[in-house]
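Chain nomenclature is as follows: A, B, C and D, assigned in order of appearance, with residue numbering initiated at 1 for each chain independently.
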Amino acid sequence: MESIPVEHGLILAAILFSIGLIGVLTRRNIVFVLMSLEIMLNAGGLAFIVAAARWGHAEGQIMFLMILTLAAAEVAVGLGLIIQMFRRYKTVDINVLSEMKG
Amino acid sequence: MNITLADLIPLLPLLITTGTVVVAMTAIGIKRNYTLTAVITIAGLLIATLSAAFLMPTTNSQVTPLMILDQYSLFFIIVTCATAMFIAIFSYPYLADLDDNKEEYFLLLGIATIGAIVMVSSNHFVSTILGLETLSMSLYGMVAYPVHSEKSAKFPLEASVKYLVLSAAASGILLFGIALVYAQTGTLQFASVVNVANVTEGLSAGFTIAALILVFIGIAFKLSLAPFHMWTPDVYEGSPLPATTYLATIGKAAMFVVLLRFIEASEALTFESFVLVVSLVATASILAGNLLALLQDNLKRILAYSSIAHMGYLLIALVASYFVQGSISVEAVTFYLVAYVIMSAGAFGVASVVSSSEREFDSIDDYKGLFWRSPWLAVVFTGMLLSLAGIPLTVGFIGKFYIFFAGVEAALWVLLAVLIIGSGIGLYYYLRIVYRMLLTDDEEQRFDVAVGNNLSSHAVLAFLLVLLVVLGVYPTPVVSIIETISTYIL
Amino acid sequence: MIALFYIAAIIAVIATVAVILQTNIVHGLLYLILSLLAVAVIFYVLGAPFAAVLEAIVYAGAIMVLFLFVIMMLNLGQHTRDQERKWLTPRGWIAPSIMSAILLGQLVNVMRQIDYDIVPAQVGVMEVSALLFGPYVLAVELASILLLAGLVAAYHLAKTK
Amino acid sequence: MQEFIWLLPTYPLLGFLALVLTSGRLPKNIVAIIGAGSVGLSFLTAAIIAAQFLASGEDYFVKEVWTWMAVGDFTPGFNFYLDGLSLVMMLVITGVGFLIHMYATGYMADDPSYSRFFSYMNLFVAAMLMLVLGDNLVLLYLGWEGVGLCSYLLIGFWYTNPDNGYAARKAFVVTRVGDTAMALGLFLLFAELGTLNIQDMLHAAELEWEVGNGLAVAAALLLLGGAVGKSAQLPLQTWLPDAMAGPTPISALIHAATMVTAGVYLIARTHILFELAPSVQMLVAWIGLITLLLAGFIALTQSDIKRILAFSTMSQIGYMFLALGVGAWSAGIFHLMTHAFFKALLFLASGSVILSLHHEQDIFKMGALRKKLPVSFFSFLIGSLALTAFPFTSGYFSKDEILIAAHGLEGPGMIFFFGGVLGAFLTGIYTFRLFFIVFFGESKAAHPPEKEYGGWNMNGPLILLMILSLVGGFFAIPLDAVFGQHEEHHVSTLMHGFMIAVPLIGIGISAAFFYFKIWSVEKLMASSLAQTLHKFWHSGWGFDWLYDRVFVFPFLWLARINKADLVDGFYALIVEISRAANSMIVKTQTGYIRWYALSIAAGVVVLITVGVML
C-alpha cells in the first residue's frame, strides 16, 4: 500500500478548520454559526485521526469519540438556546444578542 | 493500567459527587422539592470535601492513564468542592423565588463540580477535555438558567449564547492544538515536547511551538486572558450571580491547574518564543483588564475585568517557573489561586446575598452607604476588595507578594513593572467601590440587608472573611502545605 | 486508496466551503452532511474504520438530524433566504477571510516542515474497544456525565415553560 | 517590662477592633475611654519601657514575637527593635498622640461618626508604632502602608463632601508613587543583601559596598522616593495641603506630628545607606532646602488657617531633610520631636479657633480673637514663637543645630546655611502674619465667638503642649548610640547673632504690616509683579496644575477611550445610533459575538505569527 504524507492530512484538517472559522466569523444566522463550529470540531477530530494514523494508535480514535460526544452535547444545548432565542426575538440573527456591552 | 478496586478509593470525592448528582436526580424524579434537592447537593459536596481532606495526606496514585490523584489534586479537589458547596449555599435563597423549575440548577452545579474535579486531577488530554467540557456544558445551563423567567432582569440567554459560541470556538482551537501536540509526541498524556522536538525525525520546533500556542490559546480563552477576554464581562453580567461566582472561581482555578500541569510536564517554556507569547498575553491581560475596569459602574463587570488582570498576574508566576530552581513559582501560583478563589467568592458572595433572581444589585451605586446600613456586609465586602487590591494583612497581599517574589527570583523585570502598574490602577477602582460604601445613602433603601433570612449565606461570608484575614496574618501553615504539595507538580 | 484520499479531501473542502456560503439553511446542512461523509471516507482510508462508521452514523446521521429537527421546528425554510442574502455582504467576508488565510498560511507553513508518511494500517473496532473498556473506561463514564450535563441543560433550556 | 514592647501597638489595635466591631453602638463616653485610653496605656507602657531602657544603658533591644510568613528564604517576623531613634519616635507618637486623642474627645463630640473616628485614629497609632518599632523591612513596609491607608480614610472622613474624597484619593495616589519606589528599594536591598532585618542589612551594606557603590545609590534613591512621598517633599508635596480636608485633630496627629515625619525616620533609620551614597545624601539636603523655601513662599499667600500650617509643616520637614542631608542626623530627629510638639499645639489651637467660629477657616474672616479665646491665643503665641525659633523655645534649639551643621559643611554648606536662614525669615513673616490677623485687629467674623470652645479635655492638652513647646529644647535624647558621636560644629558669635536676628526681623516685618499697619499689603499688591507672584505662590508654584496636565489628564483620557474596549464600544455606539436611524446600516455592521470571535481569531493569528516567526 502506498503512503500518504502526514503533512497532507494535517493540512486538510487545517483547511477545514479555517473554513469553519470563516463561517463563525461571517455568518449572522446562529444556526450556521453552530454548523461552522461543528466544522471546526470535526476538523479537530480529523487531525486526531491523522495523528493516530501516523502513530498507528487507537488513542486518537478514542479522542475522536470524545469529540463526537462533546459535539452532540454542545449541539443539544446550543439548539436549545436557539429555540429560546427564536421564541423571544423571533429571529436567528446573532446580532440581536448585544444588549450587554461596556 | 486497567482500573482496579483499589483505584476507587482515591476516586472517592469524584464518586461521592457523582453519587450526589444521581441521588438528587432520582429525588427530583420522585418528587420535585427545591429544599431537598439543595440539601442533598450541599450535603454531598460537604462529604466530598471531607473525603478529599481525609485522603489528602496519604494518597498519591495514578488512576488509569487519565487521572493523577496526588496531594496537589486532592488539595484542589478540597478547594473546588468547598467552593461549590458555598456557591450552592448562596444559590439557595437566590433562586428561591424563581417562577420555573428550580431543582435542575443543583444538578448542573453538581455536574459542573464533577468536571472541575476531573480537571484538577487530570494529566491526560482526554480527561482534560472531558472535564473541561463537562464543566462548560453545565455552566451553559447555569448561566442561562432563569431564561424562562419573565422577571429576570438580566440577559441570561444572551450571556449563555455568547459563552457557548465563543467557548466552542475556543474548544475547537484547543482540540486542534492537542491534535498537533499528539501528532508530535504520540501520546495523549501530558509529556515533554522538548525531546521529541529535538529527537524525532522530520518534526520541527516551529510545528511544536505552533501546537503549544494553539493549546495555550484554547486554555487562555477559558481563563479570559487578553486578547481572548471579550466574552468575560458580558457573560458575567448576564448570568445569575451564583453562576457568575462559579465561573469566576472554580472555572478559573480548575483551568489554571490544568495549564500549570501541562506547562510543567510539556516543558513548553524552554522555547523562548513560547515564553514571549505567554509574556505578551500576561502583559496584555494585566493592562487591558485594569484599564477596562477603571470607569466601569457595574460591579459584575468590574470583577470580570479585574479577573482578567488577576489571571495575568498568575501568568507571571507561571513564566517564572522556568527561570527559578525549586518550586517557589508553583507555590506562588497555588497560593494565589487559593487567594483568588477566596476573595472572588467573597466579593460575588456579598452581591449574591443581597440579590435574588428577580432583582440583582450589581451597580456599584447600589452599595452606596452600605457601611451605615449594614456594617457587617460592608466589612466583608471591603475586606474582599482590599484583598483583591493587595493591601497587606489580607490573603491577596501575600498572594501578590508571592508572585512578586517569584518574579524577582526569575528577574522578570518588565513583567514586574507591568504588575506594579496594574496593581496601581487596580487600587483606584477597588477603592472607588469602598469609597462608595462610605457615602451616606440619601435615597431609599436599595435592598434588604436583614441577616436573619439567610443565615447560612452569612455564615459562609464570615468563614471566607476569617480565611481572608487569617491567611493574610498567619499564612505559614497553609504555605507549608502548599510547599509540600507543589513538589508533586515538578 | 491514495487517490481516494485526495478525491475525498477535495470533496470535503468543496462541500465545506459550500456550507458556509449557502443561503438556504437546509442546503447548507446537506452540504455539511456531504462534507462529513467525505471525512468519513478519509478516516477509512487512514485506517480508522470504526471512526469512519461513527462519523457517518452519529455525526452525519444523528447530530445533523438534530439540526434538521430544529430547523423544521423553527420553520426556517425558504423564507429566510432573502434575509440570508442580505446578511451575507461581500464586505463581511473580507476581514474573516484574510484572518483565516493568514492562520492557514502559518499552519501550512509549519506543517510543511513535517516529513513523515502515514502507511495506513487498520486500527479496527477491536483495538479501540479494548482500549475503551480497559484503561479508558473512566473516559467512557465521564463522557456519560458530559452527556448528562448536556441533557439536563438542554432539557431545561429547550422546554416551554 | 521591655519584654512587653509588643503591647505598644497592641493596645490601640485592640481599641480599633473594639470600636469597629461595635460599629457605633457604644455610648460616646465609652468610645472616648477606649479610643483615648488605649493610646494612653500605650504611652504609659512606652514611658516605663523608655525609663528601663535608658537605665539599662544598652544600645538596643530586640523582642521576637512570631514569624509572619515563610516564602522561600524570605521569613519576616513580627519582631520589635528598640534603640534611641525608635525610642524618641515611640514616645512622640504615643505621647503627642495621646494628647491629640484627648483633645479629639472634645473636638469631635458633636460628630455622628464619633466611634468611627477613634477607630481610625487607633488603627493609625498602631500602624505608626509598627512602622517605627519593626526590626525588619516587611514590618516597616506594613506600618508604612497602614498609616497611608489610615491617612486616606481620615482625610476622607467627612465623606459627604466629594472634595474630601478627592483629596483623600489624591493623597493616596501621590504617596503611592513614592511607596512603589520604596517597595522596589526594599526589594533591591533584600535581593542584594539577602536579609530583611534592618540592622543586619545595614551592617551587610557597610561591609559589602564601598562608598558610592551603584547599588547603594540606587537603593538610597528608591528609599528617598518613598520618603519624599510620605513626608510631602518636592516633587511629591502636592497632596499635603489638600489633606487638610480631614478633621483638625487628624491634621495635627497625622499630617503634622507623626506620619509625615515617617520619611525623616526612614532616612535616619537607614542613614548608613545614605552615607554610602553621598550623592543621594546631598540630594536629600537639596530637596529639603528647596522644599522649605518653596513652602515658605506659598505660606505667605495662603488665607486658610490650616493650609498655612500645612505649608509650614512642609517647610519644617524641609529643615529635617536638610539636617539629614548635611549629616546632622541627631539634629534632624531633634527637630522632628520639637516640631511635633509645637505643630501639634498650633493645629489643635487652630482647631479650637475654627470650632469657636463655627467652622470658619479663612483668616481674613477672623480677627480680634485675643480676648475671646485666651487659651488659643497663648497656644498660638507659644507655638508661633517656637515655630519661628524664638530664642530658648524648643524650635530655637533644634533649628539652631541644623543651621550650624549646615554651616559647617564643606562645599555647598553656605548655600544651605543662608537658604535655611532665609527660610527662617519667611517663617517669621508668615507665622506672625497668621497670628496678628487672627488675634488682633478688628473682628471680621460672621459669628464672633462668645467664649472658648471646649472644656478641660481640649484645653488640658493645649496647656501640656505649650509647656512641651517651651521646654522641649532641653530634652536630651539618646541618639549618639544610633548615629555615632557627632562632631561639634561652631559658628562665630556674629553668625549666631545673625541666625537669631533674622527670624526676629521677619516677625518685625510681619508686625509692621499686620499689627502696626505701617506698611500696607494693598499697596504692595498693587504692582503686577506682586500679583503674579501671589497668584503663582498661592497655587503652590503651579505644581498641581502641572501634574494635572502631565499625568492625570492623559491617564483619564486613556481610561475614558478604553472604557468600552475601544473597538467594542465604538461598535456598540454605532449600533445604538443606527438602530433608530437606519436599519440598513445596522445590517452592514458586524455584531458582537462575531466581533468577539474576530478578536479571538486575530489573537490566534498574532500569537502564532509571533511564536513561529520569532
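Criterion: contacts are C-beta pairs under 8 Å (C-beta built on N, C-alpha and C of every residue); 3 or more make two chains touch, one makes a residue touch a chain.
Only a predicted model underlies this, so the values are computations on that prediction, with no experimental measurement involved.
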Identity of the chain that, by mean CA position, is farthest from chain C: D
Chain closest to the middle, measuring from C-alpha centroids that were averaged per chain: B
Pair joined by more contacting C-beta pairs (A-C or B-C): A-C
Between chain A and chain C, centroid-to-centroid distance (C-alpha), Å: 6
Averaged-CA centre spacing for the pair chain C and chain B, given as whole angstrom: 31
Where chain A and chain B are represented by their mean Cα positions, the distance between them in whole Å: 26
Centre distance in Å when chain B and chain D are each reduced to the mean of their C-alpha atoms: 41
Multi-partner residues of chain A (at least 2 other chains): 6, 10, 14, 17, 20-21, 24-26, 28, 33-34, 45, 50, 52, 54, 57, 59-60, 62, 66, 70, 73-74, 77, 81, 84, 93-94, 97-98, 101-102
In chain D, residues with contacts to at least two other chains: 563, 568, 592-593, 597-598, 601-602, 604, 608, 612
Touching two or more other chains - residue numbers and ranges from chain C: 87, 92, 95-96, 99-100, 103, 106-107, 109-111, 114-116, 136, 139, 143, 146, 149-150, 153, 155-157
Contact graph of the chains (line, ring, star, complete, other): complete
Complex interface listing, chain C residues touching chain D: 86-87, 89, 91-92, 95-96, 99-100, 102-103, 106-107, 109-110
In the complex with chain C, residue positions of chain A that touch it: 1-12, 14-23, 25-29, 31-32, 34-36, 38-39, 42, 45-46, 49-50, 52-54, 56-62, 64-66, 68-77, 79-84, 86, 92-93
Residue ranges of chain A touching chain B (in the complex, touch as defined): 6, 10, 13-14, 17, 20-21, 24, 30, 33-34, 37, 40-41, 43-45, 47-48, 50-52, 54-55, 57, 59-60, 62-63, 66-67, 70, 73-74, 77-78, 81, 84-85, 88, 94, 97-102
In the complex, chain B residues that touch chain A: 125-126, 129-130, 133, 137, 140-141, 144, 147-148, 155, 157-162, 164-165, 168-169, 171-173, 175-176, 178-180, 182-183, 186-188, 233-234, 237-238, 296, 298, 301
Residues of chain C that touch chain A when the two form their complex: 1-2, 5-6, 9, 12-13, 16-17, 19-20, 22, 25, 28-29, 32, 35-36, 39, 42-43, 45-48, 50-51, 54-55, 58-59, 62-63, 66-67, 69-71, 73-74, 76, 80, 83-84, 87-88, 92-93, 95-97, 99-101, 103-104, 107-108, 111-112, 114-121, 123, 127-128, 130-132, 136, 139, 143, 146-147, 149-151, 153-158
